[in-house]
Structures are given as structure tokens and as C-alpha cells.
Amino acid sequence: MSEPTAAIEPIASVQPKKIRWLKNKKLDQYLVFWVVPVFFQVFGLVFVPLTWMMPPMSPDKPLADIVTFMQTSPLELALSLYILVSGLGAVVTVGAYWLVLARMAVSPAIKYAFLAGQVIGSVVGALLPVSLFGLAGFRSGYDPETLAMFYDFAYLAYNGSLGCFCLPWLALSLAIILDKNRILPKWLGYYTAWQYVTELFAASVWLTTAQPFGWNGYLAFYFNMLLYVPWQIIIFFQIYKALKNQPEDELDNVRLERSLPSYQAVPAYS
Amino acid sequence: MWPPLSPQMTPEDVAAFYREHHSAMLGVVVICNILGTVLVPIFATIAVQMMRIVNSSKVFAVTYIAAIAMGATAFIIADYCWGVALFRPDRNPQLISLLNDLGWIFFIAPVGPLIAMNLCLAGAIYLDARPDPVFPRWVAHFNVVTAVLSVPAAFAITTKTGPLAWDGSLSFTLRLTTLAVYVGVMFIVLLGVISRQGDEAVEMPA
Amino acid sequence: MTSSADAVMTKPPTTPPGSQLAGEGSMWFFIIGDLIIFSVYFVFYTWHRGINQELFLESQLQLNQGIGFINTLILLTSSLFIALGAQSVHEGEYRRALALMRTAFFIGALFPVLKMVEWLPKINAGITPGENLFYLYYYIMTGLHLCHVLLGLVIQAFVLRHLASEKTPDAEFVDSGAVYWHMVDLLWIVVFAMFYLMR
């Protein structure tokens, strides 16, 4: 009498791709991860073609031009779009990094310092400036001096938010450098330290309106962007790599599955 | 603040309103300042229960916590705006009206964090791998519906009239009613979840 | 029967001493990048100096060359002791290394003190970063450098703790710290030349 053959799982490649994707064990992590490009698309749309808030206008703009800009741009629509996705900001600034931070063998204090700094920065450095721009366009007939004050306030809060980003970048770079699990490569930790340094560079926007140190300055803004944009792209890909390479037995749901009495190991095909 | 100030009021009317109801409004502002974070513990409890959910990681729970902080901060900023507007009643009416606008914007519009929280909780529940899930599945559907109903309020600043304006049926009534119902329902759900905690049929791996 | 060729092949290759990179690769990434970032600032400084020659010259004359010179000596001496200390670690002389590194640390710690001696009278006299473009550059560049010095001292403190507590210290870690301090020294020499000397 032949032994009954063990139940054989369908070979993975036979399953339709959509179901395979939904059955992905790391689905929650991938969902959080893929929010990042969506968020940046909307963010970029809001700040650039919709309103031309970025690249930043000159701090020395004449009053009349400031008034024209603040009252005629579709700032409210842009603001609304931003507000809608500002919650996604929580996902992008915290969630996406938590994918790797949680796995690093460093003190939880560093991780929670990162979280706190990002939350503060999202409100003070992003929601506040965008709200101020939106407010300026809400009614016509505001006093030009008041509009100019909001113009300054918004750009200073956006380009000049320093400490609330110094903290998370410093925490992240320390976490990467000190991490014994080497989730992310060490050189990326040093590159992140430069993000911290760019926050120090940006301090000059509070002191002057002239090039190269004003909020639209070559050194205080454009050079910082030159350092920031490649870093954001690189860390995004590195997080993806770390996510893909995460071994299955580290996943909570896989470990739970394997500990259940009903679990049947799928025979491995050699 | 009931019924809410119409966005169409002129600055002089707004300033007059502030002068008229000065002490009552100041009382509300101070109370809101102190109680501004009163909803945080219930959201924190939801977050703690989310930590028990078994996805591949705790990402949704941590993002939830970050979003709580963002939402609470926006509410407090709204409160400060109104507080500053009330502080010197003989200020230029234009400035009082401006601060009033800013307060309303920060009160009604920041639905982003709430939507993110709802979607995180829904996602976590849908992907819960436990044989006896922490939250019943209908809670996830409920959260998605809440998120969708909160969306219009984000556009409150684009108009001064109609249902989308900050005193309108979509932005004000719908958004605040949704929030109130949400908190009430989640409170009852949490009672059930917490009482079931510890009764797991299967030993959870550490 | 093994041929002589096989015998040669089975011996592991020996690297001559000193040809390997001192310190960790990622620290070199950091150092080279840092040097590039500072260079960009130096280039901009030179360009603006070309445009505003009179203003810059006038402001430069107010700088205290003496303190700048002493600071240069401080960093050079401190670097010397660190290099000797790192060499001692390689030779296995851990007690001597610790003594040399401690000396380097205390000499280096004089830099921030002298910096304050230089800055505070200026700030009290009303010469702040917002004064003119030259002073903005000056305070930003020397401030940035000071941050690097402070970081270097923190790194040295960790190296000292490591040397004092470990039986066999990690030479690569000590080297990384030393190389960082040499970079800080190099940056100061350029800053000193550009701000204090170039007239």
C-alpha cells in the first residue's frame, strides 16, 4: 500500500499574480513603503506646478509682487490637497523609517527620539507654513503688510525649521552607525549625518535675506537640496532592499503561523 | 462656537462677536487648552491594542502613534489662535478676523492625521494573522468609512459658502459628527477588546 | 608529489604593513564627503570675496590673528599626539597609547575654549553674524568647524574609554577616530589661511 502523499501546495508561480501579492507576508510593510512615492508626488505637485511655492521666492521680493502671488495662486486648493495627505506625512516621515529602525539593535531611546522629532517637524515645518499660505489667499482685502508677514512666516517656518529636524536625522544616523544588525549600510549613516549638518547650514535663513545665505540662497537652500534629494532617493532604495531581504522568520505573523498546532510545513523543493 | 461663525462675516462683525462673547469664549479656549489632549488616551489605547495585532511588523501601530501626535498638535494650535484673537479685544478687527480664520483652518481642516490613523487601523485589522483577531473585522470597514467621510473637510478652505465651507454641512457637521460617532463606537469596541485580552485560545509567540 | 608552484600557491598572501586603509571605509566616505562640502563653501567664499574685496578686507583686519595662530598650533600638536597614540596601539603598547591619546584630548580641548575667548568679545562689541556678508561667512565656517572639533573630542572620549577598558583594543576604531581628527585639523588650516591670512 503506497503512503498517502502529503498535501502539495500549488507552486507559487502558478497562482495568479494579484493573489500572490495579497498573500505577501510583509504586505503591511510594503503598503507603508509604497506610500512614500505617492506622498512625494502629491507634495511635489502642490509645492511646484500648482503654486510655485518651491523653489522659494526671494525674501527681497517687493511688496506688490508678494500680494499678487498670495492672492492669485490656487493656494487654497493646494493647501487642501496637502492637508489631505498630511496624514500620509506621518506614514512617510515615521512609518517608512520604522520599517528599518525597528530592526536595529540600538537603544529604543534613539528610535523614539526620531519619532518625536519627525512628528514635531511635520506640524511645525510643513502643516504650519502651508496653512499660512492657504490663509493668505482665503480673503481678498488683507493689508499688504500682513500678507508680507505671512509670506515671511511661512517661508521661515518651512526652510528654517532646524532643531525639529536636527533631532531625527541625528538619531537616525546614530542608529544606523551603531546598529549591530547592520540593517542599513554604515556609509548611509554618515550620509544621514550630513542631513543633520544641512539643518545647521539652514540657520542662516533667519539672519539675512541676501544671497547665498537667505532662504532662497545658493548655500542655504540649493546646496542643501543637492545634499538632500539624492539622500532621500538612496535611503528609499536601501529601505526597499532591507525590506526585501528581511528573513521570513523575523516576521511576527510567520512566527505565529509556525507556532500554531495546525501548521503544516510545505515540503521544500530542492 | 455653536452655530459656527460664518466665514462670510466681515472683520468688523467678527471683532464685534469676539467682544460680545469675550468671557464665554475665553473660558472655552482655556478649557480646550487643558483638555486639548483628552482624546489622546483613547487613541493611545487603540494603539496599544494594535500592538497586539500580528502583522509582519508593528509599522501600522507606530505610524498610528505619530499621527495621533500630529492631530492633537493641530487642534492645540487652533485653540491658541482663538486665544490670541480674544486676548486684546480692541485689536485691529482685520487681525482678529485673520486669527479667527487661522483658528478655524486648524480646527476643521487637519483631517489628514485622522484619515491616516483610520487607514492604519483598518489595514492592521485586515492583515491580522491571529486565529482570534484582536478587533472584529467590521471595525476595519467602519474605519474606512470614517476616513472617507472625513475627506471633504480638508477642502474647507477653498470656499466661503456652501456645504464645504467651514460652517457647512460637509465640513463642519459631517466631519464633527463622524468624529463623535467614531470615538463613541471605538470606545465600546475597546471595552470588548480589552475584556477579551488574556483569553487567547492559542499561546502567542513572544 | 607537490610541485614548488603548489607550495607557493598554498601560502596566504602577506600584505606589506601600511598599505591597508587606516580606519574604517565608511569613515573615509564621511571624511571625503565632508571635505567636498567644505570645499563648496570655500569656493563660494572666494567668489564673494572677489566681488566684495574692500568689505572683506576691512572686516578681516578686525580678526585676531594671534589666537588663530595659537589654535593652529593646538590642533597640529594634538594631531601629532593622536598619530603617535594610534601608532602605539598598532605596536601593542596600550599603556603608552592611552597616555598619548589623553594628552591629545586635553590639548585639543583648549580649542573650543580659545574660540570662545575670540568670539565673545566680538559679540559683546556688537559684531554678530548679521553684521555683514564677511562675518556671516566667518561665523558660519568657524562655527561649523567648531562643531566638528566638538564631535572630534566626543569621538576621542569614546576612544579613550575603549582603550582604558579593553584588553585588546580595536585598532581600526582607534584609527578611524584619529583620521577624523586629522581631517578636522586639515580643515582648520584651510579656514585659518582663508579667513585670517589671505589679505
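By written order: A, B and C. Residues from 1 in each chain.
Criterion: a contact is a pair of C-beta atoms (placed from the backbone, for glycine too) under 8 Å apart; a residue touches a chain by one contact, two chains touch by 3 or more.
Everything numeric here is computed off the predicted structure, so don't read it as measured data.
Averaging the CA coordinates per chain and comparing them to the mean over all protein CA atoms picks out A as nearest. Interface comparison, A-B versus A-C: the pair with the greater number of contacting C-beta pairs is A-B.
Chain C has its Cα centroid 51 Å from the Cα centroid of chain B.
Taking the mean of the C-alpha atoms as each chain's centre, chain A and chain B sit 22 Å apart. In whole angstrom, the spacing between the mean C-alpha positions of chain A and chain C is 33.
Touching chain C in their complex are the following residues of chain A: 177, 185-187, 189-191, 193-194, 197, 200-201, 204, 207-208, 210, 212-213, 218-219, 223, 227. On the chain A side of its complex with chain B, the touching residues are 25-29, 31-32, 76-77, 79-81, 83-91, 93-95, 98-99, 102, 115-116, 118-120, 122-123, 127-128, 131-132, 134-135, 138-139, 142-143, 146, 251-257, 259-261. In the complex of the two chains, the chain B residues touching chain A come out as 54-60, 62-63, 65-67, 69-70, 73-74, 77, 94-95, 97-98, 101-102, 105-106, 109-117, 120, 123-124, 127, 129-131, 151, 154-158, 160, 202-205. Here chain C touches chain A in the complex through residues 24-27, 29-30, 33-34, 37, 40-41, 44, 48, 129-130, 133, 136, 140, 143-144, 147, going by the rule given at the top.
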